[in-house]
Each structure stands twice: as C-alpha cells, then as structure tokens.
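We call the chains A, B and C, going by the order they appear; numbering starts again at 1 in every chain.
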Amino acid sequence: MTSDKARYWLLALPALAVMAIFYIWPLVNIWAISVTEPVPGFGNYVQGAESQAVTTSFVITFRVAALTTVFCVILGYICAYAIANTIRRAKPLLIALVLLPFWVSVLIRSFSWIVLLGRSGIVNDALRDVGVIERPLRLMHNEFGVVLAMVHVMLPFAVLPLLANMRGISPAYTDAARGLGASELTAFRLVYLPQTLPGIGSAALLVFVLSLGFYITPALLGGGRVLMVSEYITYQIQEFLNWGLGSALSVALLVATALVLVIAGRFLNLKNALLERS
Amino acid sequence: MSAPEARTTPFRIAMSTGGWLVAAFLALPILVVIPVSLTDTSYIGLPKESLSLQHYEAYFTSARWLGGTLGSILVGLAVAFFATVLGTAFSIGVWFLGGRAATIARWVLIVPILVPPVVQSLGFYRFWVQLGLIDTWTGVILAHTLLALPYVSISVFAALANLDPKLPQAARSLGASIWRTVWEVVVPAARPGMITGAVFAFIVSFDEIVGVLFITVRRVETLPKLIWEGIQDNIDPTIAAVATILVVISLIVAVISGLRRS
Amino acid sequence: MSHDNDFKRDLAEIAAHKLREGRITKRGFLQAMAALGVIPMAGLGGRAMAAPSELVIVNWGGTAADVIKEVLGDTYKEATGIDVVIDGSGPSAGRIRAMVESGAVVWDVCDSGPGSAIILGEAGVTEPMNYDIIDRTKMMEGTDWEYGAGNYVYSYVLAYNPKLSEGGVPTSWADVFDTKNFPGMRTFRKAVRGMLECATMAQGVPLAEVYDVLSTEDGIDAAIEQFRKIRENVIVWGSGSESQNLFLQEEVVMGNIWSTRAHLLKDEMDEGTFAVSFDGGVMSPGTWVVPKGNPAGAEEAMKFIAFAQDPALQVKWFELIGSAPINPAAAPLVPESMSRWNPTSPENVATQILYNDEWYAANQIAAEEKYVNALIN
C-alpha cells in the first residue's frame, strides 16, 4: 500500500515540481528583489509607504475593485436568479449570453468599450443624433469607464457561483413561506436570500480578488488617471527600471490579495469557492 | 412554483427583465466590433457611405497579423497538450491520495489564478532571463502552461468527483496493476474534464497578454500582443476586423459546445 | 532612464502609418537618395573593407520595422553592400544593459536618448563614440555625448484646435493653464518629461531661467500645482498616437504634444482646426548608442552613424515622419512650406529651450511621483 501511495505521488509530482520551480520560485525571487535592489533592506517599502502616489494608487485600486464587486454581485444576482427561477424556455439562450464574454478575450472586450465610450464613440454619437445631448459626455478616461468595463469582464465570474448556489436551493422553503401568507418579497428576503449568502460570498470574493490585480482594462480605459497598482508597477519597471520599488509594490499587492483571502476564509468555505468551482 | 399567477408577479417580471438586461449588457458591447470592422473609413467608427472589407483584406494580407495568429494557435495547442497531460496526472494522483497533503497540493496548483498577472509576469521575466528563455516560444509555452494548469486540474478533478472510488479498488483486487487501473478505469472517467481542461488551457494561452508583454521582445509575437500594440499605438479598424473574426469563431464554438451540452 | 523610450516607439509607428498611406515607397525613396547624392557618397567607405555582412539597427517600432529598413537600411545597403536588419523591439537602457551583461550581444546601433546614453556609458556597457568617424560639426551643439551621438530632434509643443477654442486662440502656456478664459479639455503627458517646463513658463518665467527655477523644490512644487489646479480638465496621453487621437476626435482643445505628432495632425485635420506654437517648446534630441561587443564591431557601427548624419537624408527623414534634422546644415534644405513645422529651423530654435538631461537625472523620479499624485489624487 505504501508503494501505491508513492506511485500516486509520482503522478502528482511532475505538475507540482513544474509549478514550484517555474512559478513559485520566481515569485519568491520577486520578494528577494524587493529587499535587495538597489540596496539591501526595506528601503523600497519605506519609500512606497511614504509616497503619496503609491498610497493613492492603492486607494484607487481598492475602490475600483470594491465598486466592481458591488455592481457585479447585484447584477449577477439578478441574472442568476432569472436563470434559476423565472426564465424557462429561453434559459439556454440566457446562459449562452452570459457565458459569451468568457469566450472573447478581455483585450477584445476592452477594445469594444473604447469604440463605444469615446467622445466621438458610438454611444455619444447616438445620443447626439437623437438630440439627448449637445456636448459629448465623458464616458472613458475616468473611473466610470474603467468600472463599467471591469464589471463587464467580471460579471460572468459572479453569475456562475451564484447560479451554482441557487440551483441547489429547493423551492419548497419559499413556497412554504408563501403558503404561510408571506408576501413574495418577504419570502424572498427572509427565506431565499439567506440561502444564497454563500453564493454571494463566493461571487464577491472571486470578483474582488481578480479585480485587485487587474491590469488590462484600467491600462487601456483609465487614461492614466485611474492608476491601479498593477499599472503603477509596470510603470515603475518600464519607465524607471525601478525593479526594487516595482517588486515591493508587487509583494504588497500579493499580500493584500492574500489578506483578502484569509479574511474571506473566516466567513466562507474557500475550498468550495475556489477549489471546487468548475 | 408552477402556478400561473407566480409567473406574472411584479417581482418575477422585474427579475426576468433584469436578467435579460444583464445578458444584453454582457453580449451586446462585444458585437459592436462587427459594424466597425466593416467601416469604409480609415479610423474607428461606423461605416459612412458603404460597407467595406478593406480591413479584413489588411488582416489577411499582413504577414505580421497572420504570423501572430499562427503563433498563438500553435502555442495554444502546445499549452493545451502539456497542461492537460501534467494536470490530468496530477489530479488523478491527488484524487487517489486524498487527505490533507493532497488538498494542499491542489491549492498550490491553483495559485496562478489568484496572483495578479503583473506580479507573476515580473517573476517570469526575471527567471526567464536567467534561463535564457526571454523572447522564445519555449518560454511562452512554459509560462502559459503554468497559467493553464489550474484550469485543467480543477476540471479534471471535478470530473473525477463522479467516479466511484470503489471502481479502481475493484480493478486492483482483480489483479490489475496500478498503471493499468489508472489507464483503463480512471482516465476514461476523467476524459470529459480533460477535454474541458484542454479547451480552457488553449483559451487561457490564446488570450494571454500580460505575460507575453513581459517575456517576449520581437521574435515571438502572439495575436494578443499585436492587438495590444494596435490599441496602444495606432487604433485602426484592422483590430476591429481581427476582433470580429475572433468573436465569430467564439460564437460558433460557444454554440457548438452549447448544442453538445443540451 | 530619463530619456524617452515612448517617443522612439512613436516615431517608428508614424513611419508605419505613412507607409500604409502610401507616402513612402521603397523605390521612390532610394531614387531620391541616389539623386541627392547620399548613396554613392557613403558607399565607397564600406565596400573597400572586409565589411560585416549585416548591421542590426534597433529602434522602437514594432510595426515600423519595414519602414525604418527602407529609409535608413536599404539606402545603407545600396551604399555599402551591408545588410541592415531593423529590430523594432525597443532598446531600453535596461535591455541594452541586460544584453551586454549576458554576453550575447546581437544589436549594433540603438536609437536611444542622452539620459540613457549617459547611464549606459557610466555602467560601461556601451562603446564611446568615435568622433574621428562621426562628424561633430554635423550635429546640433551639445549633442555630441561621449557615449551617444545625437541623431534627430523632436519638440514638445503647444498644439491647439482654433475652431474648438471658445476663449480665443491660446498664444502662450499661461493660456493653456487658464481654464477660466480658455475652457475645454487639454492633454498633457502621463509622465513629467517635457511637461514641467511649460507649467513653469506659464507662471511667467523666461525661457533661459526655466531649469534654474525648476532646480528648487519650490519651483517643482509650483509647476506641479499648476497641473493640480486644472486636473479636472486634463486627459493624459500615454503614447503619441493617443495624443493624436485626442485631437483628431476632438476630445481636447489644446495640449502639449510631440512635434512629430503635430506634423501628422497638420495634414490629417481640416483646414483651420489645428495649429501649433513653437513658442516655449522644449527641444529634445535622440541619440545613437552602440552596445559594447556589438557583432559588427564598433567601427562599423560608427560608420553607420556617420552615414545617417547626411543633411539630405535627415531632411527626407523629417519630411517623412517629422523628426527634425539634428544637422544644422539641413535646415535650409527643408522645403519652404514645411519650414514652419520644423522644430530645428532657426526661427523655431530661437523660441525654444533644450531638454535638460542633467535636470532630469537629478529630479525626475521625485518630480514624477508628485506629478502622478497631482493628477490622480
């Protein structure tokens, strides 16, 4: 039996080894760089903590991630609810529409938003043509545009865990509440909603964690004034070759992400939320 | 639940409408690239006077765009292969093992999902420099395989959840070797997960941009890299044509996979 | 580091744009060069020696590699028989250094900047320029660095759209920073390079004193404060084409952009919707640098650099993509109609200042942080 066990490990080992050598080790290296370049010590962290721009960038990052999460959970909840409970015949179509963005790369989707939201973009043109506005609205190069596009990217990540959660809820409880005379809204609020809290938690966690490190959409739609940490890191490295500070910021972002997971782990079954999703 | 009254309550109508609106919000913006790709102008916008295929022509006659596309496809296939092989072996191993160590191992393998792309790309860059893998196809395939492994291992493990642990035990007790058991009993059960995993791995690689921006210079060009440069440096409708092609392919694949499922 | 990688990338991209429009054709260009005497002139030197088979010139422009090859590469090939390979991957100081330190040098001549040239020279990873081969008299004064030779000039200029400008035409940087009398959006660069100068001039500081004022903490803070005041009216540009798009799509009324982009916009925008002022512009030279241990040998690299000094070639280069001749002898050769747009015409040089790399080396990082903070906070 022990030899069997060794053989099972033999199966698991190649992937683990590759991951450890080529992924985990380089990450550890980043940490090492942050305390050795340009001089050994915690200078980079001190510099980062004292820099107003860095602090602001972290605030922006958390704010954008939080806004994205709130919108994704609300919209994702409505959508998942419709799929799980109210839409019947067209359900496959609705699911297909929700999953469609998954198939299209984030890059292409960001490009679509640029085409839509520009000052002479399609939305502004249409609004002007029908006479709603005289001057074009500012729809991108600001936080609004970034959050909008990020919600678009993250929304499917919110719908799926919510849907999985709702599918496991028996209608019997809500029906029973209704039978006892509760209004539909009351039944939803007191009976259904509490049962979906785990789904809400997983959805929020997933969206928030992915949003924290998001790079592509803010870089393309933020116009430089919505400077999230990931963009700030690339900025340090590409513009200033400042690997020390860039690495320190990376470590900080990584730690922030880990903290979010640890805190979430107190309220959520992380294993269900992350490991078991499919 | 089936009472006709239930279907028409304001609450349900609101939820249904909301659901459709959300779905529209998800799907419609993606489709905007289609009319733009047919524009007769040289800048991004809706067609002015007539529809034109000039931007498709620009794509199909550009060695660079086509080279990048081919590069992305080949990398994606290689990544799908390596990630599926490694990830499947891994999942089967930990499925047999069970217990705490196996769970920890599974956590290790999904780390790339959680680490911010820019951070892991910095890691790749520094290590790839040491290994001489910068600007090589090998370097890109290796990086993408790492990023794809979580998806393969999750989907294969999910498929194995349906396999009764007694089955391989029975095979063993009938005298089958461990490898034969794995090959003839477990792998077939894992197959749906392997297919899903391979598809995911391909897509992860095909769409990946941040890592490629860091670890490639010039020799290696992938499609996302060309699109990224296009958006950053010179927005022109060729990108819309490329985007449309990708969206249409995605639609077809999505429909096929949807049909197969139902 | 203190120099401008983005600009280089931008330049190559402009070239690509021109090629697409069909304004550059290989044959036409080669003929023009031959007619101007460029090709035969430089031709003799290279062929007589045991010349290397190829020379790798590195610039910044992914898509522009073909164009650069035609403009500099094919002419040189014609002249010397040496193949010129253009690598558009961006020879940042970091990459050059990494390449030399790794021992596998594949680049011969890199399009860099004075700041990088100085840093790389100090790090000992680039060859000193050989001014026996490169002619100092064929470059703007002060651009003959020990480890880098000036190759062309671009300026940061005041660009505006007279049609959209409701408060009248902005005539100075002070107007650009006056959102009350000149409403509308303006665009500045994402990073400080070329930006603090104009904010300083906006406060009435004369040209000659700009960098003196900026050399004090108060001077920097005052300049940054100018941006903070108007930040709600600012859209920043990251790449040159972004600045161009901002004007093309009428997203902004005015701004501080590269002269090379203005060069394109003058043709692309309708009559009366685009203008620039070189008054208070900042001229910025680019430089060639040569990595130590380059495959073709330092001498061959120097010969190429000398080849690119030809005034006729530089004028052609200016006409095609707007980067101005660094060779003073070239200004009179610029066609009359284009002279107004030439950052290095004597009239325009008189109203501008030269980008100060020493200042940037000393202050950029600190200023950058304040600048970013003023814009995003």
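Please note the rule applied: a contact is a pair of C-beta atoms (placed from the backbone, for glycine too) under 8 Å apart; a residue touches a chain by one contact, two chains touch by 3 or more.
By chain, with names taken from UniProt: A, B = Putative spermidine/putrescine transport system permease protein.
Nothing here was measured: the structure is a model prediction, and the numbers come from that model.
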item	value
Label of the chain whose CA centroid is most distant from the centroid of subunit B	C
Which two chains share the largest set of C-beta contact pairs	A-B
Subunit B and subunit C, separation of their C-alpha mean positions in angstrom	40
Distance from the mean Cα position of subunit B to that of subunit A, given in whole angstrom	16
Junction residues of subunit B, two or more chains touched	232, 235
Junction residues of subunit C - those touching two or more other chains	238
Subunit A, residues touching no fewer than two other chains	118, 120
Residues of subunit C touching subunit A in the complex	1, 5, 92-94, 190-191, 231, 234-238, 249-251, 365, 368-370, 372-373, 375-377
Subunit B-touching residues of subunit C, taken from the complex the two chains share	9-10, 13, 16-17, 62-63, 87-90, 95, 98, 102, 238-239, 241-242, 245, 248
Touching residues on subunit B, where the partner in the complex is subunit A	1, 7, 9, 11-12, 15-16, 18-20, 22-27, 29-30, 32-33, 36, 44-46, 86-87, 89-90, 92-94, 96-97, 102-103, 105-120, 122-124, 126-127, 142-143, 145-146, 149, 153-155, 158, 178-179, 182, 196, 203, 206-207, 209-210, 224, 227-228, 231-232, 235, 239-240, 243, 246-247, 250-251, 253-255, 258, 262
Residues on subunit A engaged by subunit C in the complex (per definition of touch)	51-53, 56-57, 60, 118-120, 141, 223-227, 238-242
In the complex with subunit C, residue positions of subunit B that touch it	43, 64, 129, 132, 217-218, 229, 232-235
